[in-house]
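Here's the structure, in structure tokens; my notes come after.
Letters are used for the chains, namely A, B, C and D, taken in the order the chains are written, and counting of residues starts over at 1 for each.
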Amino acid sequence: MREISFSEATLEAMSEEMERDSSVFVLGEDIARQGGIFGQFKGLPQKFGTERVLDTPISETSIVGAAVGAALAGMRPVADMHFADFIGVCMDEVFNQMAKVRFMFGGQCKVPMVLRAPDGIIRSAAAQHSQSVEAWFMHIPGVKVVIPSNPADAKGLLKAAIRSDDPVLYFEHKVLFPMKGPVPDGDHIVPIGKANVSRAGKDVTIVSYSLMMHRALEAAEKLATEGVQAEVIDLRTISPIDKETIFESVRKTKRLVIVHEAVKQGGVGAEISALVAEEMIDWLDAPIRRIGAPFVPVPFSPPLEQLVKISADNIVKTVKEICR
Amino acid sequence: MLAYKKEFLQNLYRTMVRIRLFEEKVGECFLGGELPGFVHLYIGEEAIATGLLSELNQDDYVASTHRGHGHCIAKGAKIKPMMAEIFGKSTGYCKGKGGSMHIADFSVGMLGANGVVGGGINLAVGAALAAKMKKSGQVAVTFFGDGGANRGTVHEGMNMAAIWKLPVIFVCEFNQYASTTPSSYGTSVPNLAVRAQGYNMPGVTVDGNDVFAVNEAAKKALEYVRAGNGPYMLEFKTYRIKGHYVGDPELYRSKQEVQDHFDKNDPLKNFAKVVLAKKWLSQKDMDAIYAEVAAEVKTAVDDARKDPYPTDSELFNDYYVEGGVN
Amino acid sequence: MREISFSEATLEAMSEEMERDSSVFVLGEDIARQGGIFGQFKGLPQKFGTERVLDTPISETSIVGAAVGAALAGMRPVADMHFADFIGVCMDEVFNQMAKVRFMFGGQCKVPMVLRAPDGIIRSAAAQHSQSVEAWFMHIPGVKVVIPSNPADAKGLLKAAIRSDDPVLYFEHKVLFPMKGPVPDGDHIVPIGKANVSRAGKDVTIVSYSLMMHRALEAAEKLATEGVQAEVIDLRTISPIDKETIFESVRKTKRLVIVHEAVKQGGVGAEISALVAEEMIDWLDAPIRRIGAPFVPVPFSPPLEQLVKISADNIVKTVKEICR
Amino acid sequence: MLAYKKEFLQNLYRTMVRIRLFEEKVGECFLGGELPGFVHLYIGEEAIATGLLSELNQDDYVASTHRGHGHCIAKGAKIKPMMAEIFGKSTGYCKGKGGSMHIADFSVGMLGANGVVGGGINLAVGAALAAKMKKSGQVAVTFFGDGGANRGTVHEGMNMAAIWKLPVIFVCEFNQYASTTPSSYGTSVPNLAVRAQGYNMPGVTVDGNDVFAVNEAAKKALEYVRAGNGPYMLEFKTYRIKGHYVGDPELYRSKQEVQDHFDKNDPLKNFAKVVLAKKWLSQKDMDAIYAEVAAEVKTAVDDARKDPYPTDSELFNDYYVEGGVN
């Protein structure tokens, strides 16, 4: 299969969907002139014109609010958040409008929009440009939340999100943009709500998503050399969660570790753990372990930043602790 | 003042009375303990929605506020499903899921009341953006109060609409109070229309208690906006005759202040004075409309009372289009 | 002990702390002229003047931003959110300023402020006026989060929050305001970070907070008549969590149920469950159960609203399921 | 033009050169791969921070932006701990926890750069509120760009400051671009000072490349604000000579545009032209300052390079005052 980068994969998704459906358009800061702060929108204005690829002012509440309004009026907007760290600026629009209008209005309307938010730690970007906040949104009824870890899923989930008649948050890790990987040709769609068993194993289940999938897979490699066969599940969608895929794996492995870059307390890992502790506890042979960042803002200085990042070795160590 | 067709005048009056009587009835039912939630009445501000929205086409958009019943009625929503919604009945516009603060009728472009002050502004901006992209000729109108004007999202929306020359009219209903806070305290300028200059858009201050003044201003604004010149701001000076919400003890103003306003500047009395003086309508014309509307409102309440509540199985309807609840 | 209402208790706390320390002041919408939308600030302007009891415009980002700024300049602001539902409007100020400035600036400053946020379902206030979003904030390093369930704790936690040199979010359930209860005389302080065992028991641990504590205690009464002795823990602070009190109880009861009004998915219950599944799994004799609202916005119509509220009977039923 | 004391002129020049050379060095170190994070340089805008902040007292407050080095230096922060911070060293102002985008020196009232565009506005409003409550006579100054001006929180802060008559100066650094977006595209008015009218506060547009014009405007604004008249808005027209961040390919403008500006309107060249023509300072005076500053900057970098990184044990310091991490 041909290999393209994560960012190219999202570009293909955008391009194909914009071609397919003239109601799809994109808006955000530095989208048209710059091609997106990570180059993820490069070439779109040349292809589709600046009527459908809109640079906006620094006005996040208007970006999301107007996207909701345009969706209500029959368009399919894709809005870009620049950095996920700024989503707090328009949290009300996400939480009280985007997520709720269809329900509040008794189904009179729908909100087929996508909000893309580049997240995660990159190169000492410090406390306000390094955050992962996906967990907030799994606590908000009315939106769906996807978070791909590789180019194929990036493309497939973005296409699914754009075609979805429900509002979707699409988190994409900044470190992933240049990463290459195989992407199927043609109209590749990854369904929202379906996790993926990225590596089969029988001794322990590692659930992760986004950049941390790569650490998890590395860890699984290392563990394999020591005789531990880890099954690695890529959640891909965190709301709604694909419980069945997780449960099926835990039924087999009887051990569960969840890994994410976001701080551990109150993170997605808590929900996964709680689901298993609620419905699968009798299957477990070990405590459920979560690996997430320590409860502290992301520091600037490289050696400190290193301390809040999760390595494959962290995962290996934790897995070994529960596989004794 | 221009000449108006009689039918137009009758329609204006019908809409204003419909809002007034609808709201009076809602207030009554609320005080009678019949209504869930809380309600904000549009009484005293009827001339604005009426004079302005009467100029819109059915497919034009309106994004409203927490005080949305009047906008809904003037945009052409039916009062039966409105009343049913406020009662929380399954026959309501939102099947009982929204209530007063989320009343909406998408079939007439009414994109909903909004419980978040300022929440509707950018919905209108977005709808106008959609209209522009589709070259549909539609316009969007959005309302905000003298209090809501101080929310940041209003600023963002006005700037964005201006740079993209979107067909949207920003309507400030300056009714002197934001809940218990007088606008003279919380709002740094006496006339909010001055802010339009900050976005390079026209902004005018108009007597919002005079439906004719509103209507003239609306026509000018619409002509400008429909011609593709970009957004326009209308500020209507008016007065909230009732409490902020039904049940408000109104400790922040005197009864006299309210009575004075009601006596001297009630938009319905103002209308009657003009049309009777000019002999555009007779008292009989008006009485007939009043009686017809009163009956209509009575039926709406009677029906709403009898209508069924949603059943338990409806909780998860009208929600995700594609399912996905765990 | 004298009995006063929850709202009077918060008023006493405000009053005493404003008397004690002239740098304490309060700002928010409809605080001075109305005395707060739930009467919780009544009389303060008469006592302390409108220089220290400030009505604000409808400008939530300024309310919180200015509170942070005033705190940086040596004041101790208490800001009011009107409804917790509007916290999304100033989420950026909470998340990126209030929570982070001290850390980002290497400890050069502190942020001794309190953000009060009335939350919860009340009388068909519908989707945008009924929400409980405390879980978001336990996922934000740098703030503390308290959430009292009764007048004594309301007073004691508010006083502790005002005196704290750290930024504190103070959630108060709208239904609690008129509830009466005993409040100790004098300078009553409830330490942040300490849960309370509100009822002792040996058969099951019920962890809850805020209004749901009352449902939990009712449930415990009912269970007692059926021979099940529930220990009921009032978290009071949800960040940092008092793990030890929970663990100690679970060591004894071997069964855990967590109850909150917020939607179950991604809620505080997930974190509590995960902590126990991580560190205490061998002590458990039953699955950990969480009780939270179904994953749907709060509907307006009373019979529908009823479906998303949690009753004592829900709790009884769940407890019995795991106590068989 | 007024007459200036020689020492004052020397100080102005010293500050401007300090900013320029500091920023050039930072840019160099970044391109050399020595710096973590990303950096936004203030080159070309030196006259604003210098002419304005030179009029502040040490205990007055400044809330800055992502482009904060110049504000920091002009407010009196030392360049050694600044450079150390940008290198991420434990000797930095924020002990390496903040970096360029969160640089701060509370000992001189510099409340920090801010990674969120618009994030500093209300910190200044709050500091000014504190000053007013304490009757301390302090003022607060806050900066935002032509891009940041379109954030809602700026609107909220200006209105709030106006109704409370807070001693705060809102300073717009109109440098023509918001990242890659020209202000002529994203900002609906050519002069943002017009927006001040919307809050009933004075607002003036001033040549931000002329440190004397800046200084005169600053004095007027400060007099007004310190007298308790409430807030004031200053808009300075300037130009960002470097990329938005170091490493910016700058595809959104021509090299010629930048060069033209640099040749004709660089604030340092402008200063030299005036002081030499008026014989207020000699080339020798200026060369001496330049050399002194260059040496100072060199030492700052040399030291920063040698200074230690924070140790692992420092991660949880400078965090909760009262502990509480799980």
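Here is the rule we use: a residue touches a chain if its C-beta (ideal position, glycine included) is under 8 Å from a C-beta of that chain, and two chains touch if they have at least 3 such contacts.
Nothing here was measured: the structure is a model prediction, and the numbers come from that model.
Peer 1: If you tally the C-beta contacts for A-B and for A-D, which one comes out higher?
Peer 2: Counting C-beta pairs in contact, A-B comes out ahead.
Peer 1: Name the chain whose C-alpha centroid is farthest from the C-alpha centroid of chain C.
Peer 2: Greatest centre separation from chain C goes to chain D.
Peer 1: Suppose each chain is reduced to the average of its Cα coordinates; what separation in Å results between chain A and chain B?
Peer 2: 40
Peer 1: What whole-number Å value describes the gap between the mean CA coordinates of chain B and chain C?
Peer 2: About 36 Å separates the centre of chain B from that of chain C.
Peer 1: Taking each chain's centre as the mean position of its Cα atoms, how many Å separate chain A from chain C?
Peer 2: The mean C-alpha positions of chain A and chain C differ by 30 Å.
Peer 1: Give the residues of chain B touching no fewer than two other chains, as numbers and ranges.
Peer 2: If we look for residues of chain B contacting two or more partner chains, we find 94, 96-98, 102, 114-116, 119, 150-153, 156, 159-160, 163, 185-187, 319, 325-326.
Peer 1: Mark out which residues of chain A touch at least two other chains, giving numbers and ranges.
Peer 2: Each of 56-57, 59-61, 85-86, 89, 92-93, 96, 103-104, 126-128, 141-142, 241, 265, 295-296, 299-300 in chain A touches at least two other chains.
Peer 1: For the complex, give me every residue of chain C touching chain B.
Peer 2: For this pair, the touching residues of chain C are 29-30, 33-34, 37, 55-61, 85-86, 89, 123-129, 265, 294-296, 299-305, 307-308.
Peer 1: For chain B, which residues are in contact with chain A within the complex?
Peer 2: Touch residues, chain B against chain A: 61, 63, 92-98, 102, 104-107, 111-112, 114-116, 119, 121-131, 133-134, 138, 140, 152-153, 156-157, 159-160, 163-164, 317-322, 324-326.
Peer 1: Can you tell me which positions in chain A touch chain C when the two form their complex?
Peer 2: Contacts found on chain A: 85-89, 91-96, 99-100, 103-104, 126-128, 133, 135-136, 138-139, 141-142, 239, 241, 262-263, 265-271, 273-274, 276-279, 281-282, 284, 286-290, 295-297, 299-300.
Peer 1: Where on chain C does chain D make contact in their complex?
Peer 2: 25, 51-52, 54, 56-57, 59-62, 64-75, 77, 92-93, 96-97, 101-110, 141-142, 144, 164-166, 192-193, 240-241, 243
Peer 1: For the complex, which residues does chain D have touching chain B?
Peer 2: Touching chain B from chain D are residues 150-156, 158-160, 162-163, 185-189, 192, 194-195, 197-201.
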